[in-house]
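The next part holds the structures, each set out as structure tokens.
Look at the two complexes coming up: subunit A is in both, with subunit B in one and subunit C in the other.
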Partner chain A sequence: MKKDKIFSLLVYLFAILAIVVMFGIILSVFSEGLPLLNSIPLWAIITGTEWYPTFNPPSFGILPLICASLLVTFISAIFSVPLGIGSAIFLAEVAPAYLRNILKPMLELLVAIPSVVYGLFGMTVLSGFIMRLFKVPLGLNAFTAGILLGIMATPTIASVAEDAIFSVPVSIKEASIGIGATKFETLYHIVLPAAKSGIITAIILGLSRAIGETMTVIMVAGGSPIIPHSIFDPVRPLTATIAAEMGEAAHGSLHYHALFFIGAVLMTFTYVFNILGEWFRKRAIYRQ
Partner chain B sequence: MRRFHHLKDKFYIFTVSILTLISISALFIILYFVFRKGASVLSMDFLFRFPRNGMTEGGILPAIVGTFIVSILSVTIALPFGLMVAIYLSEYAKDNHLSSFIRVSINNLAGTPSIIFGLFGLYFFVNYLGFGSNILSSSLTLAILILPFIVRTSEESLRNVPSSYREASYALGADKSTTILKIVLPSAIPGILTGIILSVGRVAGETAPILFTGATFFIKGLPLSPFSEFMALPYHIYALMTEGTQPDRQVPIAYGSALVLIILVLLINILAIYIRNKKRVKIE
Partner chain C sequence: MLKKCITGISGMLLTTLLFVNGIYGAQKTQNSKKEIIIAGSTTILPIAQLCAEAFMKKHPDVVISVRGGGSGVGIKALIEKTVDIADASREIKESEIKLALEKGVNPYKTTIAKDGIAVIVHPENPILNITIDTLRDIFTGKIILWEKLTKDFKGRIIPVSRDVASGTYEVFEKYVLKGARPAARALMASSNKQVAITVAQTKTSIGYVGLGYLNNSIKSIRINGIEPSVENIKSGKYPLSRSLYMYTNGKPEGVIKEFIDFILSEEGQKLVKKAGFIPIK
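Let's look at the complex of A and B:
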């Protein structure tokens, strides 16, 4: 009996520790990032267009970095949304069972490839290809990074969207086919509307993965902290800035706090995405 | 009209098939380049020798060893923690604020970008606790990164244990902890094991969390103490591609390292799929 009490106490302790860890991460990133506001007002950081952390005097405007993150995420969505949802429809509605059993693990493997390998592929193969195809001077740019992020987000979108499409009851599909609708009409008018919330969740999770990705963009996006004017401009997203500069920033310096501040901004972006995704997921469950 | 409708059907099936084909072919294109370019440098010397001449010659032994040590260590640290949280969620949690709060925390951790774990590790383990930049700090950082994944896979396997097992155990007079430790946990082991193996594969490929918590471009000898810096395969690839002055000699080594890393990750995934299938047969 005593052993039972001790065990359940331990279980509760670890469960609560999970909450502590979560808050610990949020608190530490914010507490190391917010001191930047003592030196520079929030407005000047968010709208500042010059990121020169090592100049004298330094300048910590993160607008170019935010623009870069949003641009590569947007480009990635142009690829990942059609590819992911198309694959999801194929797997859930079209593919016979044997094909599904082969293709699904392959999509899982796409997730398993380390991001640094995507970066290597992007630097050595894709960038040259993009340079020749679009006749642009630099292969390492927002577009190349966006394509890679798109490939990386595709399996996430495909797997979540496939679950949503697959869970639409067979009975309503049969009813639709039964009254003479074609497969396409059934998909477009019955299945997709029923799975809408789940598909939106899938897209949001895909975007969240793209905006938080680090190694691919640090290797492929080009690294220039300037507001992009074209999708073929080299850019430096939030994640890449942290990863590239933290090694050089002295502990406790303004630069160090600025990089944590960028971390806090990045966290805010991803949590907004996650909360939205969760909201749509709950709606999907509620509807069923 | 009918024919037009069937044409639309054909077009729709054609479109989604092509989109799927493109998604899957991305996997094969990347694997093709890694295997083709990596295979030419792969040799026994490459696997079992130390780097020489500022990373432009020699092997990658310390990076392989470093990746092994840090991956195994981080999953070992995360496992008891994750398993306890999973036991809470599957066996103890009532439908209340505490349990939904824990669930939200785990989901949030899972959605946090990996570079944020790097920042946390730098602030907390390296500086605040004063561990410094080494194997220990990196492993702890990666352990937190992989925690939500271990919780999810373990919770699922625990939930898949039929409730009749638990009831039979209670009927024999066993208490809750005995039932969980002697009945539920052993029945869930194949699923938990699959989760552990996949975790090792994931952690092995992570770069961002170890950038400023312990990974380094070069060490002399092998990292034999938890307080030494270490080389790791993914960091090695990154460093070879972004530092140094001899890209024509560094890129092939980067591809060789990528091939080793990919083979490691593929083997791990195949092993996990094998265990999962074996479990399925057993239950049937």
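Let's look at the complex of A and C:
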């Protein structure tokens, strides 16, 4: 009895620690970022189209950076969501057991490849390929970055979605086949709706990785702070800006606060993203 | 139940002991080795790496770790006391000196090599010479087509610049941009290597790198008619030349002094040359 108490207390402490650390991070990012608002109004930052942090006078418009992050994440979603869910369905429902036992661990191995390796691949191989394929003058652009982020997000989406689809009880499928539904009808009308909440979680996890990815976009996105007019324009996502400029920003300067402000914007994005996903997921469960 | 519990706890204790012992042991072996940590300019990176390797071969008891990051990053790390040597391809700024003194760090400069910033284009580009003013117009976005500069080459000019944390960028800004803002369309690369790769891949691009990064896949062009050659940079005739520095906290001492002396020695300066830069003597 006593041991139980000690154990639950210990677990409780760990849980509290995780929460404290999280709030600590949020607090420090916002408290370093918000002082920027003393010098520049929020509206001017969010809608400003010029990012010249080190010039005199400096301008801190982050609209091009926000557009860049959203664009590359969107492109990566178009690429990775169908591919990821498609592979998940194949692995869970179509592939024979021996193939699944080989492919699933390989898929999980792909998640563990460091992003700088993807970046190097994108810089030296993929960018040249995209230049030739689409006859564009520049290989380092939003499209290349989006494709690369899509490749990185696909294994995450596929792996988590596969778990969800695979864990749909066999009895439900048997019942469906039993009343005369085809394999496709069973998949489309029974299995996928039952695994919906898990699939949505998979997409959120995958796209969170895409929007937060830094090293790859530094190497591949081009880095120009412009509002993209075409998917083949070079862009400068939020994460790349923080990582590339933090080294130069003097502690406590306006530039320094601006970079933390970008961090806060990025965090807000991810939270909104997660809350939306959670809402969809809850609704999916409720509908069942 | 009790027995299980005791075995469990003793097992846990044992692993903890082993683990702690492992860490302690590792620390002990590390303590007997002297460590130098270097960070900063990606321009100096090849010199620092070559010299570190040669130095470690001669002194097996010394471990040197070399990182890039950019001159600004290196100097910042020196001020935060997380590195022993900061590589910088520009001089330390007033604001940085002030911050360093506040933190009790006294930056000491040693010039280790000279370098020129070469302006590079794709090998298929026929252009051979460019003036500083034209270069400024290209990077500020006033000239956007190659047709304006030469009749043999067409296309939209893609300027490739370095990020603001780069010393190479600061030198370029000082001598070429002269305070003007670069076009937002210009690419921002995070290292010299990235500029070189991008220009080698992109036919209509133009960029700038430290001399050490020149290779056959890119073409360097003359500025105001002057070639970025060793003589022209040594004599200061080439407009985009500069010195490369290593900053330490106070006058270098002990093993750090030994390492810097090694770079300044005849053998070290040979490595500077091998890395593609210009010896100071």
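Just so it is clear, the second predicted complex is superposed on the first by the 260 of 288 C-alpha atoms of A that agree within 3 Å, B and C clash if a C-alpha of one lies under 4 Å from a C-alpha of the other, contacts with A are read in each partner's own complex, and residues count from 1 in each chain.
Here, a contact is a pair of C-beta atoms (placed from the backbone, for glycine too) under 8 Å apart; a residue touches a chain by one contact, two chains touch by 3 or more.
Predicted model, so just to flag it, every value in this text is computed and none were measured.
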item	value
Room on subunit A for both subunit B and subunit C (clash or fit)	clash
Touched partner set for A:64, first subunit B, second subunit C, both or neither	second
Touched partner set for A:219, first subunit B, second subunit C, both or neither	both
Partner chain(s) touched by A:162 [first = subunit B, second = subunit C, both, neither]	neither
Which of subunit B and subunit C A:124 touches, first, second, both or neither	both
Which superposed partner A:251 touches (first subunit B, second subunit C, both, neither)	both
Subunit B versus subunit C as contact partner of A:50, first or second or both or neither	second
Broader residue contact with subunit A after superposition on the shared chain, subunit B or subunit C	B
Clash with subunit C (superposed arrangement) - responsible stretch of subunit B out of 116-124, 152-160, 188-196 or 242-250	242-250
Common interface positions of subunit A, toward subunit B and toward subunit C	3, 123-124, 218-219, 246-247, 251
Complex contact set, residues of subunit A against subunit C	3, 50-56, 64, 123-124, 127-128, 131, 137-140, 218-219, 222-226, 234, 236, 244-248, 250-251
Interface residues, subunit B side, partner subunit A - complex	5-6, 8-9, 11-13, 15-20, 22-24, 26-27, 30, 33-34, 37, 81, 84-85, 87-89, 91-93, 98, 101-102, 105-109, 111-120, 122-124, 127-128, 144, 147, 151, 175-178, 180-181, 201-202, 204-208, 211-212, 234-235, 237-238, 241-242, 251, 254-255, 258, 261-262, 265-266, 269, 273
Contact footprint of subunit B on subunit A as seen in their complex	1, 3-4, 6-8, 10-19, 21-25, 28-29, 32, 82-84, 86-87, 89-91, 93-95, 103, 105-110, 112-121, 123-125, 151, 154-155, 158, 182-185, 187, 205, 208, 211-215, 218-219, 239, 242-243, 246-247, 251, 259-260, 263, 266-267, 270-271, 273-274, 278
Subunit C to subunit A touching residues, read off their complex	5, 69-70, 72-73, 76, 95-96, 99, 155-156, 158, 163-165, 179, 181, 184-190, 194, 197-198, 201-205
